[in-house]
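Got a structure for you, questions after.
As written, the chain order gives the labels A, B, C and D, with residue 1 at the start of each chain.
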């Protein structure tokens, strides 16, 4: 299914046009195999765009986890390894420790990162591994057919919570970003959504910061991205993204939970008055 | 002359219609006129009045990178912002 | 005797063997009786330019190993039985990914938590793959502190040669005891260059490297399986290792590995003094298993019976019985619960076997 | 053929494991094959502890010994457990400060040493097992005193020269006590 190759410039009716939005170089030419409307594609593209902009494509090593994104290595154009369910961050730790020059990307879903891989997630974060994790939270197990996820919200129907998730039987949706923000090893953690163009652009900013945290050797970074699974939610793609924006964000509030860069700035600001004082006194002396 | 236009990759488009809702000028439609290799109805871009200003919103929300956006280069101004950007970077 | 001998614990000697083989990555989790391994590693691996991680679990440790190995390093982990069970998931993935690594099992008594005494209950697990799916791991069984070092050293070589996990199947006795070790046969080596397939940050101008274990289509998977099977067949032909002791004129052949094989040696000496013609066949690789040489003994007119001594309920004895193929009676002399053999524990049933080679007390009969 | 099999037993913390390693190391530098193995486990902290030492001029079979020809017992429970196991003609050293029993066997050579008293005289109670080892080796004489000194220097970090001296003095104090009685 090879598309017509991209042209940077075209001429229509004697008028020159420039390509201002195309396929990032860090993606292979293979079209995504995700369901129509699934945000995995959106998130893949954002990650690839960030990698392109940072110029790190040929330094990246990706961890493919288990879930719908198990074949993510088909779409990202750099070295990849597929990991056992939940173990991506342990594998990533091994890669990063042996090859510190690599930029390690771990791409995981909610079942992988927040259920079977909770221990690996928390401890990789706590060790402050220089790894960037993209956590795609769609509140359901997509690949296995719509079972309850650790992040399924109260009342949400899945094939294993047919009456809706009942917290007295199965507990509450787990908030990973808030939890990880408590760990000193974490440099950056944010929750964003992909339900409209504005939120998608915000997500990209967050992904970029997450990679910066790794490149600048600051610690573990993660972006939790609220995504949709319209097929298993039994909604149209548009209804599904609307549900993300209206319902999921109530349980999983978007925001930045840990940001060493912002902390740096704050510190700089706090130090600033004394500095300006010092500077001004110097000036008066001069 | 329109400021911009888009190209939809018919065989990549899965007809999820997220772009249709995203276009502020309502230039995208599901027509069901043609069917792609996946057996899905790709979205069609219809802009007879040249309203598209290459705002990219459709492409941003597209989960499949199925939309390419083309835009007229800005005339003399193009140099300056690009240079400023390079400096900032 | 060599002046270069150093006196150390089996678990520590294993680490020294690893350093000499160029091991640059170790991840592990505490469990008795292998704790000296992560302790020694954490102290010394940095001096060899390597990395040590005390992982959150054995599951994480083996997966860290997978990453380290995929990134091109010689990597090792160690554990004891319950921990090795947890590692089986990762070992399956590593085998399928055709990544080299070394896993050491200082076997204790199971099932469940069992106890921390030496045992050999993990023989099946080690020689039959151990995790899900169809695969094999090269498995070496040391019986001395010297061999702990030597076999770890060799395991790294074999793992890289075949791009397959290699196991060192030790036991609590060998791990915990101290003996003199001579490292003169284990020079420090630079690990082989793996940049033609490993994951690294130098991808410009080359095809990207993919390491995966998933092939959804059976027609994609079948050639992968075929390649693995062919590899295992080649390993079976090339890597069988064993050693023997006084077996040339033996009428009763003892087959044993690990610490029981040492007791067997004492038993053979004592037995020969009272006229029992005993000999020992000790497999060094338990996968691939030395079926051929055992078959030769079984076919010899001189050998009257074969005795397998194990600290378990009968595992290696099945391999021996398969090799013997009913040509001679196979007897099984076990020790349970983490108790260790004395030479007399072996000699007493052997005396009865000499009187009656079909002695039903110890005859291994598969129903 | 030389086959020496020892069991050293007492409370955890008395230095039982250490004197076992001294003996095995000394045997190694004397040119023998040696093996040392602890009875390891959770009980090794504070409870009873014992280790096995084998010294031989041939390849060592089992490192575990079930009929030792040399035993040190540092407390009463160890006496009860291991005194009957000593091989005929073997040696038994008893720390009389904690084990007040005496052996009724005539087929073994038993020595009774107030190890704790001697250790205190030398300077520190922690040397109690080293005193016993000195007495034990005065009876056994399998490895030389020089090699025992080497073993002490191998085991204790060079930075703790004071400790090395104390251990050596304790060893000889044990030896002299036995030779003087």
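By definition in this document, a residue touches a chain if its C-beta (ideal position, glycine included) is under 8 Å from a C-beta of that chain, and two chains touch if they have at least 3 such contacts.
Nothing here was measured: the structure is a model prediction, and the numbers come from that model.
Student: Hey, which pair has more contacts between C-betas, A-B or A-C?
Tutor: Higher contact count goes to A-C.
Student: From the mean C-alpha coordinate of chain A to that of chain B, what's the distance rounded to whole Å?
Tutor: 24
Student: Hey, how far is the Cα centre of chain B from the one of chain C, in Å?
Tutor: 61
Student: With chain centres taken as the means of their Cα atoms, state the distance from chain A to chain D in Å.
Tutor: 63
Student: Could you tell me the distance, in whole angstrom, between the mean C-alpha positions of chain A and chain C?
Tutor: 42
Student: Which two-chain combinations qualify as touching?
Tutor: The list of touching pairs comes to A-B, A-C, C-D.
Student: So in the complex, which bits of chain D are touching chain C?
Tutor: 21, 24-25, 28, 31, 33-38, 40-42, 59-64, 66, 154
Student: Report the residues of chain B in contact with chain A in the complex, numbered from low to high.
Tutor: Answer in residue numbers: 1, 4-5, 9, 11-12, 14-18, 21-22, 37-38, 40, 54, 56-57, 59-73.
Student: For a test of understanding, state which residues of chain C touch chain D in their complex under the given definition.
Tutor: 1, 5, 7, 32-33, 115-117, 145, 172-173, 176-180, 259, 262-267, 269, 340-344
Student: Considering only the defined contacts, which chain C positions touch chain A in the complex?
Tutor: Residue list for chain C touching chain A: 24-25, 27, 51, 53, 55-57, 59-61, 63-73, 75, 89-90, 93, 97, 199-204, 208-214.
Student: For chain A, which residues are in contact with chain B within the complex?
Tutor: Interface residues on chain A, with respect to chain B: 1, 3-4, 6, 10, 12-13, 15-24, 27, 31-32, 34-42, 45, 196-197, 200-201, 236-238, 241.
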